[in-house]
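What follows is a pair of complexes built around chain A, which joins chain B in one and chain C in the other.
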Partner chain A sequence: MSLRIEQLNVAFGKTEVLHEISLDIADGEFVSLLGASGCGKSTLLKSIAGLLEARTGKIQIDGREMNGVLPEKRGTVIVFQDLRLFPHMTAGKNIAFPMSIQGIPKERQKETVERLLGQVQLTGYENRKIREMSGGQMQRVALARALAANPRLLLLDEPFSGLDERLRAEMGELVRKLHLENGLTTVLVTHDKQEALKFSDRIALMSGGRMLQYDTPQRIFKYPVNREVAEYFGRMNYIREKGQEIGVRPFDIRIVPSGNDGMVKDIVFMGETAEIRVDTPKGEVFCMLMSSELEAMDMSVGDRVGIEILRNVCVGMAKTEE
Partner chain B sequence: MKKKRFAITNMILALFVLTVVLPIAVMIVWTVTERWAWPDLVPQVLSLRALSEIFRRSEALAKLFASSIMISAAVAMASVVIGTLTARALVLYEFWGKRMMYFFTVLPFMVPATVFAMGVQISFIKLGLNNTVAGVVLSHLICSLPYAVRLMMDGTAAVGDRLEEQARVLGASMGQAFFRVTFPLLVPVILSSFSMAYIVSFSQYFLTLLIGGGQVKTFTIVMVPYLQGGDRNIACAYSVIFLGITLAVFALFEKIAGRWGKNTDTEFYT
Partner chain C sequence: MRKKLTPYILLVPQIILTIFFLIGLITGIAQSLGVIPAFGLTEPTLFYYKEILTKPDMVRSVLYSLRIAFFSALFSTAAGVLLCAVLVMSRRTKGRMMRIVQLPIVVPHVVVALFVINICSQNGLLARVIYAFGLIGEQQEFPALIYDAGGFGIILAYLWKEIPFIVYFVIALMANIDGKLGEAAVNLGAGKVQAFFRVTLPLCANTIYSGFLIIFVFALGAYELPFILGATTPKALPVQAYIQYTHPDLRNRPYAMALNGLIMAISLLSACVYLALMRRSQKKLAGNK
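Moving on to the complex of A and B:
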């Protein structure tokens, strides 16, 4: 299933929430909509699903125009942030809901429910009441219910935001696995850059209702179109060199203990990594390195060190050179 | 500390029970009482006169029951349907004149029935609705709808449209989403607004008299003369019988509603 969005504008009353969004998603792709809260990513998801009407612009699914097509006829299923499990139904009934709407025979519904519960590692939970389940289990039921609808396009609206870190990573893996196993096309809304980088084939970075950049994780990290994109994926140093300002990521600066470019201002131990600030005539430079390297250097605050730029980020440059 | 608070709660509860049970008990005693003057604690003269008189007229009584309950049930049913739809519009949708519309739906709360009854009567006479059951039902609706709308608004706001949105993207049509998801969750509130509307309709005297013109007989219309005439035992006998029937009606409705809300094991019930 492929999705194509062209110059989509969506407004609530007089305030425009989405401006000129264009997006192309190929069959079987896993795309993340990344951005801070309030940037319009959830609105975009609802527009794709038909819960919100577009003011102008086009949404096409498999080449078919979706304007005016009702949500239930689009084949796009959302798993919402607040999960929205039906409280008056058991876990099994929740999962069977889309199938009972489609009029699938009870026997086959039961088989599918069992299979899906197995896929989300909740075998035997058919008759569990929703309020007797933990957050992680509810996520799994919501995912299974979405899959039961046989979605052409699975839309995930920050479904893991309520979970602790470990469970979050686990659910992310599960989603990726389900995506591959079921041959789905998936759009994940998230504000977590790690999540987006880790799972996506492509990332669409949004801000203020606009699409800033849409590219593969590697390219969006290496070739951000502007500073905002570059900074979303981590801190940046901007250093003037040969009359030109270049962007450098903290890990791409090597500290040379024998050199004399500046003075160590601050050292922060972060466990596996360490942060070092160096005062140079060109301004403060922020770098990161592995703690083990730091130990080997035997450096302390006040020392004079040299800095060497290993690689710079091509902010806003043509994406041709490495 | 906790035990003490428990005791206080129990006392308050006992008081509430007393305020309900005591009048009913007194009413039951009155059905077989001929004379019970102050300051005696027990009736002086007992008799079955009131009960036998009522049962002698059992055919009229049955007719009275039927019309009274039918009118109130019709009012309650219509209130619930209109209330649910109005509440949906007011809670879930944005439209021009929404605040004005809300004001008009609760206006009868603020204006006494006696004030608008005249206007209603004149309009109904023109429409040919005066002295008809339909007219009485319509006029009762004016009083019961604000309660139904208010109650349904709270219920609708609590359930929201989030679950319906979810149902829609899972493939349900608008109607399916409402009847499979929202409706079962609303059953407890629907039950409350049905009861409320029923009671409001049941206790209307002035409107029933004015619009029904004495042709449409309900429980209250028949009761008032007995109370005024000092025939307290007959009035009490009527009341007790009606109390029983009303309870039976409510039990029946709860049972019907329970079939939809069978699995509704939600916060509403706990």
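Moving on to the complex of A and C:
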């Protein structure tokens, strides 16, 4: 199914929290709503699901206008950040809940619960109580329950935020797999840029209730529309070259030990990588390189080095560059 | 040293009150077992308990009190939960609406009794309105809603005050559950009413039962409403206990204490059930993150 949002404005009382949001999501796409806490991502998700009323603007699902359509009639399902599993039901009953609402026969419910538990790698957990499950297992049950509702549009509201890094990555892969296997259209709310870049077909970067840029991961990374977008995806250097200011990411600067562009001011070892700050006549340059490269260079603070810009980021040129 | 002593010093008022309470309680229990040395009663006996549980007028009092307490609690709880449901589903759980709903809680029971007399007696407001509409020919035709053997007037007075109590007791939890888990149920395709009955209400059940128990125990032990609005016979347990306590024959005092003992035993049992329900509720809700 496809989703189209046009000029959406949402307010809490007198405070407008979403301003002029427009977004097109094609059938089968995986889109991430990316942004810092409080930027309006979750509000947008709830507006799509019909849990919040839009002040103005349009939401269309498969070409059908959704303004005034009740949440339960929209075919959208949210997996909430706090999961909201029903604590008085077992894992199996949680998953069967949307099917029992739809009046699906018990036998079919049971088959679907077993299949979905298998898909989220929780086979045999039907009768497990929610409080007896770990955080990761609860996430899986929440995902299975959302899928049991047979959604046309799956909305994920930072569902992995409470998990450790390893489990987070694992769950991300699982979501991507379920998205592909079930032919879903998925919207993931996240503030983790790596998660968004890794799993999404397109990323919508939001700030202060506005959409800053909506593009593919490659393009949003290479051609950010402004400094805010560029800096969201990592630290930037802004260097003056031939009268023009260019944006360069730390990994796109090569340090040449035999050169003489500046002096090494600081070296920070970070495990696999290392951060190096070089003082140059054009200002301070921040570089990153692999720790193994740093070792091979045998460089220390105070050394004179050269810097070579490998590629620059075209800040503010997203529309003209292709 | 002073720091170490501070918590104990702060506890002193509570300890003094507890000591007084325990002295009263132990004396009461001892007297209910027929031990009042000042009146020449020294042998402990269960005679007075046997009497109140077998003597016809006493048994009638016990049953009358239990019936009033049970129906007051049942109807208050049912109506209170219904009102809660309406408020929660219409998202009016805060602000002016709640203040209006909870207003009767601050009105004393004696005042409520006077309201009930003024409104529901055979020459009260309701009877006059019905008479004015020609639905009854004289005031005697209006049903005896107060001073009746069924305790209808007493139950009515309890409803007036305890329905808002149930709203006050349940609504915060209900609104919280409905706002989160109810929303999740709606998001999964349930209608608002379905979400309420399948998710919100079951998760509030233990708190609702607890509210029922509080009203039940209160109505069982309260004196003023049965005294003002109750029938001549049967008399409610606390009224009967008071009569026995103030009886000219001081050797009747163990009857009063045995009646109090019965109220206490039922209250204690209810308190245990209340505690178990609250623990179960906490456990149930702890399942959700």
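What we mean here is this: the second predicted complex is superposed on the first by the 317 of 322 C-alpha atoms of A that agree within 3 Å, B and C clash if a C-alpha of one lies under 4 Å from a C-alpha of the other, contacts with A are read in each partner's own complex, and residues count from 1 in each chain.
Here is the rule we use: contacts are C-beta pairs under 8 Å (C-beta built on N, C-alpha and C of every residue); 3 or more make two chains touch, one makes a residue touch a chain.
Note that this is a predicted model, so its numbers are computed, not measured.
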For the overlay on chain A, clash or fit between chain B and chain C? clash
Considering only the touch criterion stated at the top, classify A:208 as touching first (chain B), second (chain C), both, or neither. neither
Contacts for A:138 in the overlay, against chain B (first) and chain C (second): which applies, first, second, both or neither? second
Which partner chains sit in contact with A:162 here, chain B, chain C, both or neither? Use first/second/both/neither. second
Now for A:28: first (chain B), second (chain C), both, or neither, which partner does it touch? neither
Should A:87 be classified as contacting the first partner (chain B), the second (chain C), both, or neither? both
Based on the superposition described at the top, state which of 7-15, 133-141 or 259-267 belonging to chain C clashes with chain B. 259-267
Which residues of chain A are in contact with chain B in one complex and with chain C in the other? 49, 51, 70-72, 76-78, 80, 82, 84, 86-88, 97-98, 101-102, 129, 145-146, 149
Interfacial residue positions of chain C with respect to chain A in the complex: 180-181, 183-191, 194, 198-199, 202-203, 283-289
In the complex, chain A touches chain C at residues 49, 51, 70-72, 76-78, 80, 82-88, 97-98, 101-102, 129-131, 135, 138, 145-146, 149, 162
Chain A-facing residues of chain B, complex: 162-163, 165-173, 176, 180-181, 184-185, 261, 263-267
Would you pull the chain A residues touching chain B in the complex into a rising list? 49-51, 70-72, 74, 76-78, 80, 82, 84, 86-90, 93, 97-98, 101-102, 129, 145-146, 149
